[in-house]
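Below, each structure is written out as structure tokens.
Shared between the two complexes below is chain A, which has chain B as its partner in the first and chain C in the second.
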Partner chain A sequence: MAHITIDGQIVPFEAGQTVMEAAMAAGVYIPHLCHHPDFTPHGSCRQCTVTLKNGWNITACTARAAEGQEISNNTEELNLVRKRLTQMLFVEGNHFCPACEKTGNCQLQGVAYHLNMMSNHYPQFYALRDLDATHPDILLDRNRCIFCNLCVRASHAEGKDVFAIAGRGINKHLVVNSESGKLIDSELTADDRAANICPTGALLVKGKAFQAPIGQRLYDHHDIDEITLGGRHGG
Partner chain B sequence: MESFIDETLKKYQHQTTPLLMVLRDVQAQYFHIPKQAVELIAKGLDIPRTQIVAVVEFYHFFSFEPRGRYDIFLSDSITDQMLGKKALADYLCTKLQSPIGTVRADGVVSIDNTACTGLCDQGPALLVNGYAIGQLSEQRIDRIVAMIEQNRPVTEWDSDLFEVYDNIQQPGLLLNTKLPRGAALTAAWQRGLTETLDDIKASGLRGRGGAGFTTAMKWASCRATEETERYVVCNADEGEPGTFKDRVLLNSYTHDIFEGMTICAAILGAHKGFVYLRGEYLHLFNKLNAVLEERRAAGLLGDNILGYGWKFDIEIRLGAGSYVCGESSALLESLEGKMGIPRNRPPSSIIKGYLAKPTVLNNVETFVAAAHIAWQGSEWFASCGTEKSKGTKILSICGDCERPGIYEYPFGTTLKEVLKDCGASDVLGVQVGGPSGTFVSTRESDGRLTFEELSTGGAFIIFNHSRNIFDIVQNFTHFFAEESCGFCTPCRVGTSLLKKQFDKIHSGHGSAGDIKELRDIAKLIKDTSHCGLGQSAAEPILTTLERYPNLYERQIKQQYSFDPVFDLDGSLAVARKMSGRDDGHAHLTQVENK
Partner chain C sequence: MAAKLKLATTSLAGCFGCHMSFLDIDERIMQLVELVEFDRSPLTDIKNCSPCDIGLIEGGVCNADNVHVLREFRNNCRILVAVGACAINGGLPAMRNSIPLEDCLRESYVNCIGIENPQIPNDPELPLLLNQVHPIHEVVRIDYSLPGCPPSADVFWKFLTDLIEGHEPSLDYDLVYYD
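Up next, the complex of A and B:
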């Protein structure tokens, strides 16, 4: 069988598979936030940046595996890059983990733990972002949105197209497909995949927040690599 | 409004792809995009309203907030600034009593900055309701102000205000040769299309946009795809600050461009082509369409071109203010009526381009060169240039020199020769290839213009010793932060961080660790960004850090190891005002003295 190597480990792949798909199947964790196996790769969070032998960086979620590729993944250098990218997401939005219902189940937090992120490093942007609590069953808190596009992709797949990311550059923001721009007037329902797929606490189904007490949540006792490889992400 | 939207959608045959054209019409009619229009367009085109919202918010020239009936955008390229843009902007704002970034209370005028408008050889420039006015002076501004205050429609303003000069200073192989209409097409068919493609291959022609991909290889790969529906797209989104050579080609070598596109179409088997014209070149739109009409009437476009039985036509589509749309896949997204976000590769646009069909996308100059090669043969073209960079390159020269304008040079010409020809003296350095290119100092003036050595899409900005490198770098760094599409984390967040970090050092607030931090952010953006914009956004900083480390060191407060990002004392100003205090205890020093 055709194979690539990741940090020296032989990883087989099937024709057409991405580096990410091959790695996951082989039990190799490559950090990611915007990637989800059920949806078209997006390649925007850049967490899954890996390095080829020739020094080129590629994103594992979008690059196809090719025979003989020698890939560096779990290196000090790349993990520092990933930590910095994670810190960028933390300072760009407003992420107050202790006060967030998603704490412990949040993939952004999980990745930050995994990368041993102990501070924001960069100056905070203090962005003013809207919160939409109009929907009886779903909360949209844009302060926590990291533009992974998963809700957009999921809603599109459901034929509803409830979400889109609008704006340019640092002013990007999630918009809702309704005349008022509010969730209550959209077609979103709590059982939609789009309402449940958010890796952070930007989209939350109401009434579920404290079903599991803080301290007994997904990433409180397990590293995100273990959870991801076990296929146990929320969403 | 219903009837206007209805008419507009009809004008574009209820297609979704010309969404930018539809929105341009709406913006021109109502001076903003009314929410009701979004609903009507969404319904009329059967697309999610979020697609329209996203597009409106993405492009500079669309706005949900009402703009003035005279909507002014000042070109804020470094070259405009060097020609005195700031003082003239102040003059304009004072005369109109409307500060930059605002709409005047009576709704008549709004003034904003925008990126380079492509008039760097005849700046400072502005756009009023989309139309360019160059060579700004106090006298010309007085005339503009008078016409606004007299409430005269822009279409009735004195036409000399809108004159744009070609400024061809030194023509070469291409610009000196007059291509008779249809001559290249006739030659291509007589020689045979495959043979013509072979000839273009033999000429060694490479893409003139900057990347330098072999043109014939691109065309051949596209031709070899299994899909039969194929497209030809001309990238006339000349957005790199300091570049204006396509403006001149579009204005005076229009037939050559269309002829090149038509030959490409015949070789590929494409029946439809587009010119994606940057919104800033609205002044060329009618002219291009008139030339298309002329060519249709002459049988050079249409159902049976020159009687050879080939069907092909070209449509001009305008952008709406977005630098990143010059990137080929972002351009295609925009052409499809979406935000200009660069696509993931593979597949390349050769395989999946416009509407996911095989597409050849080339620069304006590439099509001109291809037409001339088809007519005069590969040897004529390859007779000049270097081994790997054949033919000539058209440069847009601007900045500190006596004769800014268009210069055509054989590849391999040295920087020194170019500087001499345009009358540049006391040169500090040259920005070759615009902000995304390289800053070259005079120490490197033996460097040659080739794809391998000094590569440029056409931009060539000269700076003399009166210029401050930090001002240049700051302009470029702010430009990239403004133009980042925001798709990927390092470019979206990183360019804003880089801007803050650079400004901190520039304003004299940098301390020992800040240069390292600047370099780290720059490197991260370069190494991990999704597209060329992000990968080159940090170049102005990285190249000057490398070439002029002392300049940066001098800006740093060496005695401090740390300095806060924000002004501590300044931040207390509001509190002081509110509490009516101004004593010593109401002030903070920025850094504890050691």
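Up next, the complex of A and C:
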């Protein structure tokens, strides 16, 4: 069987598989936030950046595995780059974990814990972002959005197309496809995949917060590599 | 016996929760005082910082006095530590950052239900508020950060004992929380 190597480990792949898919199947964790096995790769969070032998960086979620590729993944250098990217996400949004219902089950936190992120390093942006609590069953807090596009992709797959990303730079934001621009006037329902896939606390189904006590939450005692390879995640 | 390390602590725009969590080291504080001498701290009521080995800063920076105190700590502490979510990213006080300061003050002191003699406090002894709350690393250089709201007593203990023993401080996975 064709194979690549990741940090020296032989990883078999089938034709058409991405590096991420081959790695996951072989039990090799590559950090990621915007990747989800059920949806088309987006390649935007750059967490899954890995290095080829020739020094080129590729995103494992979008690059197809090719025979003989020698890939570096879990290296000090790449993990530092990933930590800096994660810190940028933390300062770009308004991620106040102690006040967030997703805390403990948040993939952004999980990745940050995995990378041993102890501070935000960069100055905070304190971007002004809207919150939409109009929907009886679902909360949208744009302060916590990391633009992974998963809700956009999930809603598209459901044929509803409730979400899109609009604007640029500091003004980039998630928009809702309804006449008022509010969730209450959209087709989104609490059982939609799109309402439940958010890796952070930006989209939350109401009435489910804080159900798991501290100590029993997803990432309290288990690193996200273990959780992800076990087929679970915070989304 | 080697000279004791000197330790200073303060709370800026914080709730003293980090200090309370520090005190949760319970009887281990008896071991700690054998190893460190407390300088400026709410625990000693010493008002100004003298040269210290370690400074622990709880809370972010929300007013002019916070800036002054933080600079005093940086000028005197060999190792300066951001303790807790507010010191690291502004924390809950920074949730006012999306609201104009005047609106915050009006809501609290003028328009709020049940206010008698409504007026925005302006005593000259009160430190002036900054327009936004900031994490402390935006004002001075920080050597280490201890996340958590608050960091647990075990985090304080592990961090301080590592430093006292001359190790590079490190926290196991189970000790790192952002909440």
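Here are a few things to note about the model shown:
Everything that follows uses one rule, which is that the second predicted complex is superposed on the first by the 233 of 235 C-alpha atoms of A that agree within 3 Å, B and C clash if a C-alpha of one lies under 4 Å from a C-alpha of the other, contacts with A are read in each partner's own complex, and residues count from 1 in each chain.
Basically, contacts are C-beta pairs under 8 Å (C-beta built on N, C-alpha and C of every residue); 3 or more make two chains touch, one makes a residue touch a chain.
Predicted model only: the values in this text are computed from it and were never measured.
In the superposed model, A:L188 lies in contact with neither chain B nor chain C.
Of the two partner chains placed by the overlay, only chain C lies in contact with A:Q109; chain B stays clear of it.
By the touch criterion defined above, A:V176 lies against chain B but remains apart from chain C after alignment on the C-alpha atoms of chain A. By the touch criterion defined above, A:I197 reaches neither chain B nor chain C.
When the shared chain is aligned, chain C comes close enough to touch A:M118, but chain B does not. With both structures placed on the common chain, the touch criterion links A:F147 to chain B but leaves chain C unconnected.
91, 123 are the residues of chain A that lie in the contact sets of both chain B and chain C, per the superposition on chain A. The touching residues of chain A, counted against chain C in their complex, run 90-91, 94-100, 103-104, 109, 112-113, 116, 118-121, 123-124, 126, 128-129, 214, 220-221, 223. Across the interface of their complex, chain A is touched by residues 82, 85, 88-92, 94-95, 97-98, 132, 134-135, 137-138, 142, 144-147, 149, 171, 173-174, 176-179 of chain C.
Those residues of chain B lying in contact with chain A across their complex are 39, 48-51, 53-54, 56-59, 322, 339, 344, 346, 481-490, 492-497, 500, 520, 524, 527-530, 565. Chain contact summary for the complex, chain A toward chain B: residues 41-46, 49, 57, 62, 64, 81, 84-85, 88-89, 91-92, 122-123, 125, 147, 161, 163-172, 175-177, 179.
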